[in-house]
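As written, the chains take the letters A, B, C and D, and residue 1 is the first residue of each chain.
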Amino acid sequence: MTGATPLLETTSLTRRFGGVIAVHEVDFQVGDGELRCLIGPNGAGKSTFFRCLSGQLRPTAGRIRLAGHDITGDGPHAIARRGVAIKTQVPALFDGLSVLENVRLATWRCGSRAARRRRTEDVLATIGLARQASRPAGELPHGQRQWLELGLVIAGDPRLMLLDEPTAGMTRSEVAETADLVRRLAEGRTIIAVEHDIQFIRMVADSVTVFHQGQILTEGTVDAVLRDRAVRDVYLGHGRDAGAC
Amino acid sequence: MNRLRDRAGLLAAGVAGAVLIVVIPAVTEVYVQFELTLFLIFAILALSLAWVWGFGGILSFGQSLFFGLGGYTFAVAVINLGESTLPVLLGILVPALLAGFLGYFLFWRRISDVYLAVITLAASLIFYYLIGASAGSQYRIGTALLGGYNGIPSVPPINVPGAPAQPVVYGDLYVLTAIVLAIVYGGLRWLLATDFGRVVVAIRENEERAQLLGYDVRTRKLAIFVIGGGIAGLAGVLFAAWGAYVSPNVFSMTFTAQIIVWVLVGGLGTLSGAVIGCVLVQAVMTWLGEAKLADTNLVLGAGFVVLVLFARRGLVPGLRDLLARIRRLGRGPR
Amino acid sequence: MDLALVVGLHLMHAIASLALVSIGLAVIFGMLRVINFAHGEFLMVGGYAFVLSAGAGVNLWLAMLVIAPAAVGMLGYLVERLVIRRLQGDVIATILATWGLSLFLVGLAATVLGYHQQGVAPPFGTIEIGSYTIGIYTFFVIGITVVVILALFAWLRWSRAGLLVRGTMQDGELAAGLGADTVRIRSATFVLGSALSGLAGAVLAPLAGVLPEIGATYVVKAFITVISGGATALTGTTLAAALFGLTSQAAAFLSRPVVGEVALLVVAVVLLRVLPTGITGRYFRKAL
Amino acid sequence: MLPCYHLTRAACRIGGVARPGALQPHIDLCPAFSTGDFVTLLTRRTFLEGLAASAALPGLGTRSAHASEPIPVGAIYDLSGPLQGFGQNQWRCAKLALDQINESGGLLGRPLDVKLYDSQSDMQFYNQFANQLALRDRVAVVQGGLTSSSREVIRPILRRLETLYVYNTNYEGGVCDRNFFATGATPGIYVDLLLRAAAERWGKRVYVLAADYNYGQISAQWIRRGALALGGEVVGEEFFPLDVNQFGATISRIQAVEPDVVLNVFVGPAHEAFYGQWASAGMNQRIPMMSTTFGGTSEIVRMPPEVVNGIMVIGSYYESLDYPFNQTWLAEFRRRNGTDYGYLTDVPIKDWYGWMLWAEGVRQAGTTDREAVVAALEAGISVDGPGGPLTIDARTHHCFMNTHLAEARDGEFRILERYQNVPPTNPADQCDLQARPDTNTMYTPDI
């Protein structure tokens, strides 16, 4: 976990929306090859944190470094070109285009036409959508939409993958399949995933970071974090509040 | 299925092109060709908006700006130079440059939809007022008087390159315009089939995702806008040459709205729709001007409202839906 | 000194006129996100309703403050019912439909109402400010604009209906889920916007005259004003009207009228470049 | 000798069956190639048919006609769109002339067959329809157009296609073209007469409000010159774009300057807002107002008398003229058109004159052939009409006409003075089509 230079490092990263501080001076590091899960109750700032990392939001203050390069304030395309890919919470796809065209658009870094075609086929096979290749993405059922987006994320062979709730809305068996897929993808790559599903986290994560009220509450291995009293308070406390209404 | 439709579309476009370029000049009288020339010039202009708006997602109320600027640039240059080759090129280049400047101004600040529409509209109207206020002999560029709202009359025609004594007028201008339209249409189709074009379509489908895949949306939009500006400018050149005349009216709200109407009537998101919509609307307007059945505005306005109610997405998509439905009916219920 | 006062009054009048012609569009665009290209023609119909009923012997104020808004409100009801509602919020289809409507209304006015309606002279007399005279009607225009804006503001802020309208505009589905009849609310909002356009058309008719094409004079500026105002229609439009009215009149006064027109447009372009979501996209977000 | 197109050598080699693109647009002389040949080229049906028929197709205006075959004539008016306020009455007046000609047996024993087009207030339609009239309908004459831009669209086309053009609107003046006749008045004379009337009544310090438009700009130059000549001065001058309708600041400035008289040259519906604002500020009781354009679109019946009473105007025609001809003419006009047409002033009425002048030219020439008709018209033809006689000036192809000073009063124009047979403006004899028949230009008066 403590490599020479971390692949991704944020220092005092802050993002405000008017008077609300969604992300508050977060210092965060992730090492090369690591698979990290972010957890935390709704509104803890995980998605905002992600959107800052991907360049969709401009941080109010603080710095983001990727493999030593300062990428703070870069546009999303520039960050993507540095090898950061994000799977958004609600799948963002090219709905009017076919599954094949969707994936092919994501393979632009793969060089020649032939290489791109090969890569496209590989990805379709990996996400198990080869038979749906000519269907418009807009017509896919929910679970397959999630996989297709994962396919877009891996197609460019990124160094760092940001997965925002990859199992949201999935059935039990789909979650297991997805976890399997993510584990396979993780080989040789760095992944940060926002997830609620403990099952999934246990299956894939090396370590876990807990967000609370825009800040990092704690970090550690899956088991250590899940035993942490503060973490349980945060989660259970919220659960009780929710039930009270 | 998709590919089949594409191929059928391409075939239809090819046939249409051949009819326009070869058949029509052989079977029609010159005044018909003269009128058709205008429709085709407007069709080129409509294509520029169909491209910028339908594929680039840029709601430009400023296509008239590039069109008018193309016309004015050509008129001023050809009056000064006497030979049309360079003026034609300038008539494309100057609007494209302005589009580049305006695009840089707009897309690097992520201004979108209605705000972009207002900025481009305002830019067009600025030209309308400024050129409108240029009546008087002190407003001249070289030997060309700008002429205020009266415009620039007696603009020399386009000539065979290098031969100012051989003008391209009437039937020849028709053929030239038809070829230009075919090239612009074919060129845009080709562009859409390239990698660049795929990204353009991707941006229209989901701008955020395109960015997250590493595509710089701003430069793409800029390229789209510049190409659209150049095409509109070219249409403006042909317009000035066709009528030997250009006036600030081309910068007006009415004219710019007309371009939008052509595209919407034909169907946003298609290229053929822009051509069909434009020719149809212009032909109906001309016909009303000859027939004088009723107030043109009344008939045209009612027509648009009815069209929207029955084919909300325009004629070409509406027809496609209709065909698909008939085909499904033919196959019988399942 | 007198000149400064008089010029100041004219500036206020210009701002008020701009706000008044924009307010109906602001309600319709701001609340419903419908770009109504027939807005200028709604003003025109308001002017005709006023002039025709006043010509028929109806009391001037009844014609201006009741009949004209009611007539255009009714027109708005029909338009919403027959066209806008069927388009289900399809912005692009609405552009074409309202543009068609605009042409249709111009054509209708030209053929049915004709070009030769006698106008109405501005009522009231004049007052003297030093060696200058100024029409009392100028004050009336300023006054009625202020009243309309304040009333609208109060209605949105404090009434139950206003709350419903705001809720529907924020999140139609949510409001519907909470039991609001959003279809009726949208319809009512459209009618309100139309009626305000009718009122504006009538108030300005004694100064501007009525002709079938008079709408074209208003629609561009109203459009630019409302959109530059940004997301919160009422405050935004008022601020934008103040800014644009002030710059264009000041520029016209210091230089020549064409400079005033161009100044308005340049300010709009620069404004939207600096604040890409309009004035209230950035500031005054909590306003209405 | 008329300008014409001629073929290049390459085209001549294949026996005259060339594509029109091979034609030279130079306005120079080419005796070897006749008008008919050019027209043949333009109207050929197909390339092959052209081969066979090129010699057989008749040329424009030279068509030999049977005795009773109608004479096609062309009219372009803005019957819809923003300019229809002018266009509809222009057409009513033109129609009256055409009907009267046909009802009295037509011309040369042939009826007139009018091809009417609605240009919809849109310049591009002038272009389309002018070409259609010349190429398809092969009319003997085209009349119509309103704005200067419409005229400058039509004029070169009809000159090139050798079809006579008569333009019947007041305009800024200066067109000098043998193929073109203008029955409208130009501002130079109007301005001088108005300024003189103002000097007699109120004084010589003039404040000018004009449309920021060619007509307005040139009128303002005439006003400056006229005021100087009278020993007066222009104490203020403002130009308004065509859709400005806020005049508050201007009115204050006028109040500050206190001119003896305000002279306006407004154009279009937006500018009409001025009168209401002027009256609202009580100015119509304080400073006299004159206009060269007021009245053209029935303002006198559309605007309340308390707003427009007292505005002084000048023009060749008002309904209230007491010529006997006018009484019968107006009765006839109303019999055919009803009374819901507004109020006629000199803009629409000239379209009646225009057709009558041309008809008289045809009668004198005994043919509709363009050359002969032009020659006949240049002989100084005069027709009497509701506004008094109108006579062609051979040198400028513009007209002498009676001109009247009038004042708006309770929905009518009260005639104050009459000036007989006022000549067209032609400063320093810029235009002399007798001495220089090949001139084809539009002069800007050197003021």
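Simple rule for what comes next: a residue touches a chain if its C-beta (ideal position, glycine included) is under 8 Å from a C-beta of that chain, and two chains touch if they have at least 3 such contacts.
For clarity, every value in this text was computed on a predicted model and none was experimentally measured.
> Could you name the chain whose Cα mean is nearest to the mean of all protein Cα atoms here?
B
> Tell me which of B-C and A-B has more C-beta pairs in contact.
Counting C-beta pairs in contact for B-C and A-B gives the edge to B-C.
> Between chain A and chain D, what is the gap in Å from one C-alpha centre to the other?
74
> Let me have the rounded angstrom distance from the C-alpha centre of chain B over to the C-alpha centre of chain C, please.
For chain B versus chain C, the centre distance works out to 32 Å.
> Between chain A and chain B, what is the separation of their C-alpha centroids in Å?
Chain A and chain B have C-alpha centres separated by 43 Å.
> Mind checking the centre-to-centre distance between chain A and chain C? Centres are C-alpha means, answer in whole Å.
48
> Two or more other chains touching the same residue: where does that happen in chain D?
80-81, 212, 239, 241
> Could you pull out the residues of chain A that touch at least 2 other chains?
none
> Could you list which residues of chain B touch at least two other chains?
Residues 129, 132-133, 295-297 of chain B each touch two or more of the other chains.
> Would you please name all pairs of chains that touch?
Final set of chain pairs in contact is A-B, B-C, B-D, C-D.
> Flag every residue of chain A that touches chain B in the complex, lowest number first.
Against chain B, the touching part of chain A is residues 54-56, 75-78, 80-81, 85-86, 88, 92-98, 101, 104-106, 108-109, 134, 152, 156.
> Under the touch definition given earlier, write down the residues of chain D that touch chain B in their complex.
Interface residues on chain D, with respect to chain B: 8, 19-26, 42-47, 79-81, 116-120, 122-125, 127-129, 131-132, 135-136, 147-149, 152-153, 155-157, 212-214, 216-218, 239, 241-242, 442, 444.
> Taking the complex as given, what residues does chain B use to touch chain C?
105-106, 109-112, 114-115, 117-119, 121-123, 125-126, 129-130, 132-133, 253-254, 257, 260-261, 264-265, 268, 294-305, 307-309, 312-313
> Flag every residue of chain B that touches chain D in the complex, lowest number first.
26-27, 29-31, 34-35, 38, 129, 132-133, 135-137, 147-151, 153-154, 156-157, 160, 165-173, 242-245, 247, 249, 285-286, 288-290, 292, 295-297
> Enumerate the contact residues on chain C facing chain B in the complex.
So the residues of chain C in touch with chain B come to 35, 37, 83, 86-87, 90, 92-93, 95-97, 99-108, 110-111, 216, 219-220, 223-224, 227-228, 258, 261-262, 265-266, 268-269, 272-273, 276-278.
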